[in-house]
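Handing you a structure now.
Chain naming follows the written order as A, B, C, D and E, and within any one chain the residues start at number 1.
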Amino acid sequence: MDIATVVGVLAGFALIIGAILSGGSLKIFVNVPSLLIVVGGMLCSVLIHFSLGQFLAIFAVIKNAFFHKAHSPVILIQQMVNFAAINRRDGALALEQEMRKVDDPFLVKGLQALVDGQEEDDIRALMGMETEYMQARHGDGKKILEFMGASAPAFGMVGTLIGLVQMLQNMSSPDDIGQGMATALLTTFYGALLANLVFIPMAGKLGQYSKSETLAMEMITEGVCAIVRGDSPTVVREKMQAFVSASKRADVKVTI
Amino acid sequence: MDIATVVGVLAGFALIIGAILSGGSLKIFVNVPSLLIVVGGMLCSVLIHFSLGQFLAIFAVIKNAFFHKAHSPVILIQQMVNFAAINRRDGALALEQEMRKVDDPFLVKGLQALVDGQEEDDIRALMGMETEYMQARHGDGKKILEFMGASAPAFGMVGTLIGLVQMLQNMSSPDDIGQGMATALLTTFYGALLANLVFIPMAGKLGQYSKSETLAMEMITEGVCAIVRGDSPTVVREKMQAFVSASKRADVKVTI
Amino acid sequence: MDIATVVGVLAGFALIIGAILSGGSLKIFVNVPSLLIVVGGMLCSVLIHFSLGQFLAIFAVIKNAFFHKAHSPVILIQQMVNFAAINRRDGALALEQEMRKVDDPFLVKGLQALVDGQEEDDIRALMGMETEYMQARHGDGKKILEFMGASAPAFGMVGTLIGLVQMLQNMSSPDDIGQGMATALLTTFYGALLANLVFIPMAGKLGQYSKSETLAMEMITEGVCAIVRGDSPTVVREKMQAFVSASKRADVKVTI
Amino acid sequence: MDIATVVGVLAGFALIIGAILSGGSLKIFVNVPSLLIVVGGMLCSVLIHFSLGQFLAIFAVIKNAFFHKAHSPVILIQQMVNFAAINRRDGALALEQEMRKVDDPFLVKGLQALVDGQEEDDIRALMGMETEYMQARHGDGKKILEFMGASAPAFGMVGTLIGLVQMLQNMSSPDDIGQGMATALLTTFYGALLANLVFIPMAGKLGQYSKSETLAMEMITEGVCAIVRGDSPTVVREKMQAFVSASKRADVKVTI
Amino acid sequence: MDIATVVGVLAGFALIIGAILSGGSLKIFVNVPSLLIVVGGMLCSVLIHFSLGQFLAIFAVIKNAFFHKAHSPVILIQQMVNFAAINRRDGALALEQEMRKVDDPFLVKGLQALVDGQEEDDIRALMGMETEYMQARHGDGKKILEFMGASAPAFGMVGTLIGLVQMLQNMSSPDDIGQGMATALLTTFYGALLANLVFIPMAGKLGQYSKSETLAMEMITEGVCAIVRGDSPTVVREKMQAFVSASKRADVKVTI
């Protein structure tokens, strides 16, 4: 789970609520109809923009992106170095047993192709295609979140315009005017807060996640292909470490 | 028909009307001259920006995009697998009868070229060009909708400026000022609502539709070319399934 | 002449004037000093941004773009098919007489090179370069119009700031304040109207015109080169029709 | 010297001053602290963004761009045609004397390399690199001016916020409020005026200048290389004229 | 240390504080809760957008970028010319001692590879990869600073909306209204100032720094590779000077 995201969202809302409480009651900032305009209008425009399938898939993608454990390069390299050693010692079929202990479905798919005796080019094409599908799914999710980040403030403004027109048609006392304008501004507040504290940074995190996931998948692909060619554990390690900055390289050795 | 679009537009307008009614009468939000400024000004600027032909074609493109049934990859693959089987069993001419049962004019055009005995390269060029024309038509439609999404709020502001100038020249009582400003703000409200609930998300949907239509046309092209080369139904299926994410691949078999 | 542009501009201004008249007198919207700030400031910034030559050429380019008759693909193909027939029947020199009936200087230039016996590669280079110069001229015009579309609202805001500062320094009666603000807002109104009803959509139309002109020039180039190679009228027609969407292809025959 | 720029700047400021005078005194628009906030803040942010060297070089680049005489293609071609004739008649060394009459250091550098007997490839590399350095310098200048065009309005807003906060803390009489707001708005006015009448269009002009200078340098490079190859004056003219639109080509002859 | 940055930041804040003091007390511009909303909200959104690792690394990257001494091309060339002379005179191993006097870890890495007798292609790949990792780190830092520059004004607006709603709900006296609005505007002021005087220009400086650092690393790579090939000091100098504009080239000679 990505701690930074959770801390950011919780601390951000705590901060805003604290700022509100330091100046008065929280009650005047809670208005269900205003929230409905902003969130409802935004969801409707998302439905118009994207297909129903994309709309429903986004929740899975987001959940995956925020709660899935990121691949550690060192552990990945360790795994592949061990597989290379097993492959050299006991042959490719011996990897079938090891495969059962692996969680990552992408790595399992690569090993299965290896055990099945497929050619390197076919394995590379297969794994490259899976990487592209992952990127397309994450790209869709990022676009939806970015669209939400643009749509929420827009419906915030629509809500404020509704409130202003109603207030202006009905100006009896200064107090009424103040209350009317305060309520009218709430939708703009909701839109700005959701966009800047939730949707826009979350779209950014999804992009970062997609980048690091792509790197891990490319490392796995390179590792599996090296094993297919019968490379030694040392060569497999070198090939996978080329993806990692020098300062983060660990001296991985065969551990089986 | 694309349900998400219809649900989004209807629910969006219901939500806005509900929000208005919860705070007062709907009547103060209906102002025909204000609507004329926003919609009329926007249409005039569309006419200046685009040619008359593009302007008139956009309605057909939009209708097509929203009411045309999307291609199901599984059904497409099923069709082509059957055609490949017929081609192998009875020869290309036997496909002429099958062609009559096909709705999609693009698929018909490809099969006709196949039956006419054209070379693979020529068929690929012909179908590629049709795909490009489709993309250009959708691209034009998307650009017009995006321009509308930028133009509507601009004329909303123009209308509000007209209303403000008139109100400011004629400030007798606070009530008049309030009414004048309320009316002036209506054009901004119309512009923001049309742009964010209709034009901008619809331009997005047209882009999504164009992408999925392009995929279907590329799958058909690949399938027809495989049949021309005399590939077996299994090979045809493999080639078309390369375009589909693994989780959505079905085990299509010849059904004739 | 492009009817859509003329209709758009006239209808747009009629609409705005109608909206103004429905709410009061037109007189309060006419203010020569305000117009001078917006139009004058915009023209000065155009002079600073572009060279004097580009500034003066823009009027010719715009006039050309809006009053020049668009090429009809069918008529173009008809012409070239006839030229191909004459070339085959009577030789290239016989085309010299036909050339005199042609209006389009680009087509004349291509035919002249053909009659002069130049090689296909040289003709292609010559006509390609002319096409590029046309695109550069139109591109310059489009950029100037787009810059005007950004500059006019900016000077509208500058004018409004001048009016506001003067009004705020001199607040005697509420009526004066109203009048001062109304006048101050006029420059913003002029800037928004000129940008959204004139400059921005006209820049778009110039882009569309440049695209369709490029297509026509590429068709002519392809046709002339086919005649140089001695292709038959039918082949010339096929080569030129590849640029046209299938639904717009006509069955052109030799008419001489 | 570029007349359009000078006319644009002078006429623009005359227009704005005239507009101010027609509505009152110029004095209320002159406020040195406000000007300091906008110009000072902008210069500080330029210093942070760019290096001291780039910051100081920008003045030379701007001066060069606005006061340097633009290359006339006809004169350039005339020069090179004469050089080609001299080279053919008297040999490369005879060009050394001609070189002394040439002002343009880029042309001198090219001729020197020619006289020194360098190979065409080396000369082309040398002159191409000089062209790139010129483009990089102009590109830096353009970026700084564009950044100023974005920064000036931003500090205009910062200044207005300072003025507003001070005014709101100290609301004794309506007159004071008016005066306070008027002064607060001055920084926004300065920022908008500087950006739209000076920095943004000047960045554009620098871009245009860089483009035309690049063209001239490419023509000179082509001409020098043709002379190195021993091409005749006619061939040199043809090669250089390929860079010029047909309508601007003059019939240049050897004049020595 | 980059003087321009330090001068810009200090002078910018001095200027703003001076402008505030010239119009009243500094106290009314200091409000800790307002600062907390802007800075806290911004930091939370940075945490959501980026990973914890990137967030923490940014401080090191910024410190490096602002306090690290820029490479002087002349000194770099001098060093490499000397190394080339030593290499020719005493062989590659003699460079090992010289290496100990070198500060720059990138140069040390290159020389070590040279001393170890690695091939030119391997050294080029190794150093190219290090250059890319440096660019990626700086690119991350630039993106974070740019995101801060967009996020700070957004949370400034959120804070102003909170203040406005609270003020509007509680309008007792005109003085209270003024004070409430003044405080509400402070967050917008903080956001605008931080973005325009700190984050946006600092992101720009990081980009400039990354560009000049890339140039230095490419010069070092070219120099080391030339030494590997056994080039003479003169050739090494020529190869490295190709990266420097002619006017900045110094006549470097061997100094050992």
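Assorted remarks:
Simple rule for what comes next: a contact is a pair of C-beta atoms (placed from the backbone, for glycine too) under 8 Å apart; a residue touches a chain by one contact, two chains touch by 3 or more.
Everything quoted here is computed from the prediction, not taken from an experiment.
Of all residue numbers that take part in the contact between subunit A and subunit B, under half occur on both sides, making this a different-residue interface.
Centre-to-centre, using mean CA coordinates, subunit C is 28 Å away from subunit D. Centroid to centroid, with C-alpha atoms defining each point, subunit B and subunit D lie 45 Å apart.
Counting partner chains per residue, subunit B has no residue touching two or more of them. If you draw each protein chain as a dot and join the dots that touch, you get one closed loop, with every dot joined to exactly two others. Considering their complex, residues 33, 36-37, 40-41, 44-52, 54-55, 129-130, 133, 147, 151, 154-155, 157-159, 161-166, 168-171 of subunit C touch subunit D.
Of all the residues in subunit E, the ones that touch subunit D in their complex are 2-5, 7-9, 11-12, 15-16, 19-20, 22-24, 28-29, 174-175, 178-179, 181-182, 185-186, 188-189, 192-193, 195-198, 200-202, 204-205, 208, 212, 242, 245-246.
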